[in-house]
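Each of the next two complexes has chain A plus one more chain, namely chain B in the first and chain C in the second.
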Partner chain A sequence: MFNGLSLEQAPPISVVLRFFITLPIFGIVLALLMIAAPDELLTLGHWYSLGAIHLLFLGIVSMGMIGALFQMQSVLGGAPIQNPHRHSLIIHALLSVGITALVGAFVWNIPVLFMVASIALGGALIYFATIMLPLLFGTLSHDTLKGMRFSLLSLFLTATLGVIMAVSYGSGVISDHHITVRTVHYSFGLMGWVAALIIYVAFQVVEMFYVTTSYSDWCKTNVKRIIGSMLAFKIVGLVGNLPFVWVFDTVVAVLLTGFVVTTLKRLKTRKRRVGDVSIWFWFAGLGLLMIAIITYGAFLVLGLSSLVSVALIAFALFALAILLGMMGKIVPFLVWFHLNAAGFMETPIMSTIISTKRLKLTFWFFITTALLALMAPWYPWLLRGAGIVALGLFTVIATNLIMATRLYAHVLKTGTKFSFDIP
Partner chain B sequence: MILEFMRDDHRVCDELFVTAENALSDKKIDEAKKLYEEFYLLTNHHFDMEEKQLFITFEKRTGMMGGPTQMMRYEHQQLRAQMEAMLKALRDDKYDDFFGIGESFMIMLQQHNMKEEQMLYPMIDRALSGDGELMVETLKEMPKGNPL
Partner chain C sequence: MIELDVRDLEHPVPLGLAVEAFKKLSIDEVIHMIHRKEPRPLFEILTKNGGFYHSVQDVQGLWHIYISRNSGIDLETFHV
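Right, the complex of A and B next:
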């Protein structure tokens, strides 16, 4: 259990980077889809729309989050993943094949691809669960870890239901409970996996990196309980076909609003004031989450489908904003950390690994994409514009990652190590 | 007992560091140098409290010689090297270098603190049981280093 205390036990840089580098590839595919078929993407339940949603939440957001979890596990969980290189290679390969097959199945409506996706994503799920869950349920216990456990259990439930649905699409046998299964699938995916993980990461990261006041112990203890119980009640409500299921969504919306307000307050009164693009991403992300909450609330009252589209787009962009903000810190830190730990004299400082200028460019591409995409439900042609800008966004992200990797490889190959040998 | 005392000391060090960073951002060079030197002394004192008292007592009580305390000592070495590099950057008026090193230092320091607060200090508290208060008194009495 003590291995996690050592910085030497951090996973090799390739373990994390392989997930991160795949992210802009799926991002570019998504951008091309936005350019090619904006009207179809904005039609809820359309196959293209489902393809785009899975590209975004699985190919980009989850791929990035799983990569980050490989890094964070040893710090938060107290025990590193053994053989991380092999495990990450297998999980990454299964995820990549599964996501590609799933998106292909949605876009081209090819049943056999749903089967390929089921096998690959189901395999990734089982493999990831077998290596991650025993580590997370060890002797160590604290609020962030409990939050991560809840998020991962939600991911496994989301993925299991996703695999069940993919099998039914592939076989053409759609059960009577399909709508319920689909609702539980996306509810746990969006709230239990994505939102809960970001909230628990925020509890840890916001306070530490920006030197803010702590979140209250009540928040840290109860967020997972409230989200978990509301999701459980929602399942009961859906299965029992009970009225007022929207009440459970409303409670979660109030909780998320509380998270936005408390986090904004902390960021605005942070003690660390040095310029940092990741803060911009946090502000943007929280603003987008607020837009998602308001538009979803308006949808519950007014029932306009365009509002639910805006809510979904805003929520996806919220998750993307936080992910991109954190990647802008994690990637340069990892390059610096691994070179520094290896003793290279030429180890570059973080701001030369990914320059502030390129991080700012990433942010402005992101904001432009977000603004255009949020207006697209009313002006669908804007989604094409959002797609063009997103192409730029993911190209810049890919460039940042490739240049950071090349710099790492260059120092590794040509750098000089500190030597304490006495001649 | 130990957890609360050492966690509070982490926060004091963090605040001193960001105050120095903020002062440098505002071009208050002399103030930044003074604050950073204060941070440098206090953080080294924090590491000394751990290495010269806390870890040794923990190791004697538990018999864990090459475990978590050894890992923390190794991380202290890395953090000390970065603190030296930042001190040099400040003295040589290389402020961009100071901020650049400060960025990675902050992430590394926070990861280190997180591990101590979530894993090691609770273990030390358990190992010391009733002697926690006495240990805190001993730590408070440890002399701080001389001004630079």
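Right, the complex of A and C next:
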């Protein structure tokens, strides 16, 4: 009784895991940078600071989100990606080379590395666009898929502007519109790509993982419209050098506050209060997002640069918290799912694939890193402490991923398949 | 018919329960799973391991999934 769904909806496990496993490597590099140069990292606009920001948002957050998109796109009912193994290998290789070159260019100030980064990152994102976007146009029934489409378009705009800036850094020709381009680049990156994607993924996974009431149809339909229109107005305001551009940021801040409140309400009134580390990450992430909103609002009023640093750190940690919470769910599920799909009797139960003890350790490393990093704009030496703890955090994440992969490989090699008598 | 009402359970617990029940399923038995979502990943596991299913959504929005490992059983007749 086959009802029309593809039998090969889910991509191979390696497609997703290669992105996830790269994430702690960039995380360890970031932690070392935090230990080596805390003062430079906390100076807005410093080359080291730009290197760290791109390590965090590209090397860690985007690497994880692109890996998760390969899984979610097809499972949510979008058209399956053809040849996912080959496509993910090419995108992953280009992204890894591009991110390494970009961070190297910022840290060591080597112009040719900006050119390498432009080619690799530009190539990765054009390639990703050509395979992913056609699958997300046409008739889509799922709000999360529509949200993914909006986020991906934002990512491509962010990346295009990023490539333009990298070329200008590499060639030494900085245009008169550089500051406008940079503002549009990070606005679309932070709001259109990171925040919108997390919100649309939340619409799907909060209800699914925690058995809550679903978000309203109004939210599902209008979040992308509001973020998209505010970003468009902001571009017009910036290009036209108009006053009151902050109004558009404020509307997005109100929207994000609404997301925090509605999500917290759902999590607090969930049906089954099962102990789950991933929900700790959700609470932490939502708290961090509120800190980011409040400190950014305080910056608009008071104009203190330390408040922008706190807002940016809190926003990055919000994205990381949600990503780590979701990875703690996705990785065991993928191992379990692919072993079961292959029919292995020895498929472990999901809760044993990454032990609760190690997930809790990941969370406490994360919280400690977050607290130290949030205080660092006033006490820069704390960023060195945050870096040391972050080293532990990313080492534990790497261990979790490696052990889950080894368990998968072990069952694949030594397991026996269940079979039925043919009727 | 084996009843498996998982509508109040968080993902991915329903999948784990369904797969365990499927592994123990005898040739003439049918699992009736009630879920608040259509469990698409489960269908891939079932079809790759000799299973058959029929899923249908009722007027309340709940999904009823009928599972067997016997191609001779017409699962569509189980839904009333």
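Everything below uses one rule, namely that the second predicted complex is superposed on the first by the 409 of 423 C-alpha atoms of A that agree within 3 Å, B and C clash if a C-alpha of one lies under 4 Å from a C-alpha of the other, contacts with A are read in each partner's own complex, and residues count from 1 in each chain.
Note that contacts are C-beta pairs under 8 Å (C-beta built on N, C-alpha and C of every residue); 3 or more make two chains touch, one makes a residue touch a chain.
Everything numeric here is computed off the predicted structure, so don't read it as measured data.
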item	value
Touching partner for A:R273 - first (chain B), second (chain C), both, neither	first
Touched partner set for A:H142, first chain B, second chain C, both or neither	first
Touching partner for A:F209 - first (chain B), second (chain C), both, neither	both
Partner chain in contact with A:A342 - chain B first, chain C second, else both or neither	second
A:T352 touches, of chain B and chain C: first, second, both or neither?	first
First, second, both or neither for A:A36, with chain B first and chain C second	neither
Those residues of chain A which chain B touches in one complex and chain C touches in the other	2, 5, 7-8, 75, 208-209, 211, 271-272, 274, 329, 333, 336-337, 340-341, 349-350
Touching residues on chain A, where the partner in the complex is chain C	1-3, 5, 7-10, 75, 77, 208-211, 271-272, 274, 276, 329, 333, 336-337, 340-343, 345, 349-350, 418-421, 423
Residues on chain A engaged by chain B in the complex (per definition of touch)	2, 4-8, 75-76, 78, 140, 142, 204, 208-209, 211, 271-275, 329, 332-333, 336-337, 340-341, 349-352
Contact footprint of chain A on chain B as seen in their complex	14-15, 18-19, 21-22, 25, 64, 67-68, 71-72, 74-75, 78, 96-97, 99-104, 106-108, 110-111, 113-115, 118-120
Complex contacts: residues of chain C adjacent to chain A	8-12, 15-16, 19, 23, 27, 37, 40-41, 43-45, 47-50, 52-55, 66, 69-72, 75-76
